[in-house]
Amino acid sequence: MSHIHLPDGILPLWLVIAGWAVTAVLLGATLWYLRRNPEELARRVARLGVVAAIMMVGMSLEVVPIAYHFNLSVLAGILLGPAAGFLAAFVVVFILALFGHGGITVVGLNTLVIGSEVVLGSLLFRAFGRLVGNRPFWQAFLTTVAALAVSTTLMVAIIGVAQINPAEQAPRAVIAFKNPFEAGLFRVEVFTEEPREAEAEGLDLPTFAAVVYTLGAVGWILEGALTGVIVRYLSQVRPDLLPARRVAP
Amino acid sequence: MIELVDFWAIKLTSPVHRLAAGPKFVAAGLILFGIIVSRDLVFLLATFFLLNGVVLLAGLPWVRVLVPAFYPAVLLVPLLIAQGAASPLGTLLMVGKAVDAALTMLALITITPYPVLFSALRRVAPGLLVDLLFLAYRSFFILLGVARDVLTALRLRGGLGARPWGRWLASVGQGISLIIVRGIDLSEDFGRVLRLRGYRGRLAAGGTEWRLGPPELAGLLLGLGTAVFGAEHLLGGGLGAYNGYWLILGAVLFLVPGTLRLFRKGGWVRWS
Amino acid sequence: MGPVELIVRFKDVKFTYPDGTALYFTGEELTVRRGERVALLGQNGSGKTTLFQHLLGLLRPESGTVEVFGLDPHRDFEKIRPRIGFLFQDPDRQIVAPTVRDDIGFGPRNQGLPPAEVDRLVREVAAELRIEHLLDRLAHYLSGGERLKVALAGALVMRPELLILDEPFEGLDAASRVELVDLLNRLHRERGLSFIISVHEVSLAPLFIDTIYVLGRGGRFVAKGSPREIFGRPELLVEHRLEPPVVGLICQRLRARGFDVPIALTADEAVEVLAGLLAGTPAAKAQPSDP
């Protein structure tokens, strides 16, 4: 996997709200940017909507037997730029959340994670262009790997800040039955778990990070290579789509 | 998956499909609330049964809807590995919440067409954002057709079975590149069309139904009950004594009409 | 009767695409009078779509004259836009809104019309095109013919004065083509609608076209005339990689054999010609120089 969509119900409420708040502010700013030039509105809206659809199509294509899905978020950043790219990230995250892929309540946080890939993709692409020269494959590969590494780190940081500790939540699994015709109470304890307070063990963040980075690195390289192939193709067929040669709006 | 879900939402005409969209959203929201705040595994299990009942009642292919609901559990694997054996039930709680929440959204979206779903968002989100959702969704279906053609061409010409892996990647990459180029062409066409038709920032008129008949009230009550039982520990725990009995019973009862619907067509019906 | 108003003028336009492809629309001046039905015939790459995009104000020429309703469509885009309806080659790319009702009402909503008025216009045009039953359907579940009608409804809902159609018959079966021709004739009759249409199916042109322009490679106008004048010169069409109507070709070859017959444009006319020949009318007798 190149990144994880955080599901519902595992993050504290304050963090979920903070995620939405930051995302809302950024969305407001990017929408303002989109509307800035009314004559360009139609073109930008169309381009953004279709690139978001391209990301969704990419995720729908199961070309790898292990059900790995390509993300194309970094590519979206390269094609759209940071502002429009962030909007596209929100659209995709939201639609995926409707399909249970990622939590609907944590769309804000997931947008920040995917959005970071998009924004970094846009910014780093130019930087790496200066570094590697006219070699679009490597330019895109390095951009993708770097952007995904950062977004993964952001996601790990979110989990770290959340201080997830399932033991503290004192989960209950006690089935209790009350006979409505008698005063007694039949109580069946199916399984129980005592909430541990003093020695409550939270999430082992280093282990979590190690697992994520190990699995993630495989995804980054795959995604990076794919993005490299695509960008090389586009540089030959539609160079106007790539930042260095894009006509300013 | 998106294509299938869209098809189910549009083409099926079960009792739950016919419910007004507004109350459906509210009920789903209430159920989601109950799931997220709950700390009760029994509650989560009962809600799982309840949601499966909705899926069956909707006449949906049960397994095909259920499987994607477990996807969030797969994504939780790193978290679960890091959690270790410290709290098995706590782990189960996380998984249960993730799966139930995903199933709630899947149940909603398979019984509510997307124009209604997105139009409802206009009350809480900027219109331009909703337009982007509409355009992305619409474009997705057009590009899916393109993607199918491209993948078929790749398959027929040996691109998907190419080796070594570098050649495979180049082949797949070119296929996706072609889809992207066609997509950009589509975006340019859409941009022209939007401009020619005087686009000002509102793609669809759409409204959300807020009809409140007996079936809608029943759905809302179900959602409310789920929210209350889920938040039971926040309300002082007074419902604890009835927890297992009513919840399990209610959930099992909900499975009955859904299962009966399957057999109504006569004989065994495939569930996937 | 006074002169009929000229609503389109297109002359000596030059345009170059970013990839270097250049088109220079020389030769005849393309004009469309109010109520006139004009067809563009031309091989692939002759510039038909480019011409339409200039008329719609989407492209600005490097040189030449483009006037629609007396205005520069690129500069006065917002003024002419509501007066023109268009149908692109692929109707699917023209349907932007989720449902048919939403898409047809898209234009009127953008004009700021109240919802009740939008609804009335939508119902009216849906009834006109007999697609009321499709109003609540989603676009991606429509058949090809249905999508074309929906796209056309979206173009007609604002009661345009000029309709531009880019190869609307592509992909339609024979019955749907006839249906579309009948529809266009009805719109012309009832609304006085002017239209410019590009077609490959030359056999349909005589059924609903007043004036034909033939475009050669690179955008050069090589001929202008009525269907009878244009199809009376099948060699011209063949030279520009266009297929002449079969009935006209038959008549032209009969003339080459010395039979003095008119060029038929339709099957009915061809039957009259052949009936005349078979009846042995003096005008149809072979000449001594018959090969």
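Here the chain labels run A, B and C in written order, and each chain numbers its own residues starting at 1.
In this text, contacts are C-beta pairs under 8 Å (C-beta built on N, C-alpha and C of every residue); 3 or more make two chains touch, one makes a residue touch a chain.
Everything numeric in this text was worked out from a predicted model, so none of it was measured.
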item: Chain-level touch network, classified as line, ring, star, complete or other; value: line
item: Chain at the geometric heart of the assembly (C-alpha centres); value: B
item: Far-end chain from chain B, centres as C-alpha averages; value: C
item: Interchain centroid distance [CA atoms averaged], chain A/chain B, Å; value: 18
item: For chain B paired with chain C, centre-to-centre distance based on mean C-alpha positions, whole Å; value: 45
item: Distance between chain centroids, defined by C-alpha means - chain A, chain C (Å); value: 48
item: For chain B, residues that touch 2 or more chains besides their own; value: 134-135, 137-138, 142, 186, 189-190, 192, 194-195, 199
item: Residue numbers on chain C that touch chain B, as the complex places them; value: 53, 56, 58, 78, 81-82, 84, 86, 88, 90, 92-99, 101-102, 105-107, 109-111, 115, 118, 138-141, 154
item: Complex contact set, residues of chain A against chain B; value: 1, 4-5, 7-10, 27-28, 31, 34-35, 41-54, 56-58, 60-61, 63, 70, 72, 75, 79, 87-88, 90-92, 94-95, 97-105, 159, 164-167, 169-178, 185, 188, 190-191, 193, 196, 201, 203-205, 207-208, 211-212, 215, 225-226, 228-230, 233-234, 237-238, 241
item: Touching residues (chain side chain B, partner chain A) in the complex; value: 1-3, 5, 32, 35-36, 39-42, 68-69, 71-72, 75-79, 81-84, 86-94, 97-98, 100-103, 105-106, 108-109, 117, 126, 128-129, 131-140, 142-144, 147, 151, 160, 169-170, 172-174, 176-177, 179-181, 183-184, 186-192, 194-195, 199, 201, 233, 240-245, 248
item: Chain C-facing residues of chain B, complex; value: 6, 10, 113-115, 118, 134-135, 137-138, 141-142, 186, 189-190, 192-200, 202-206
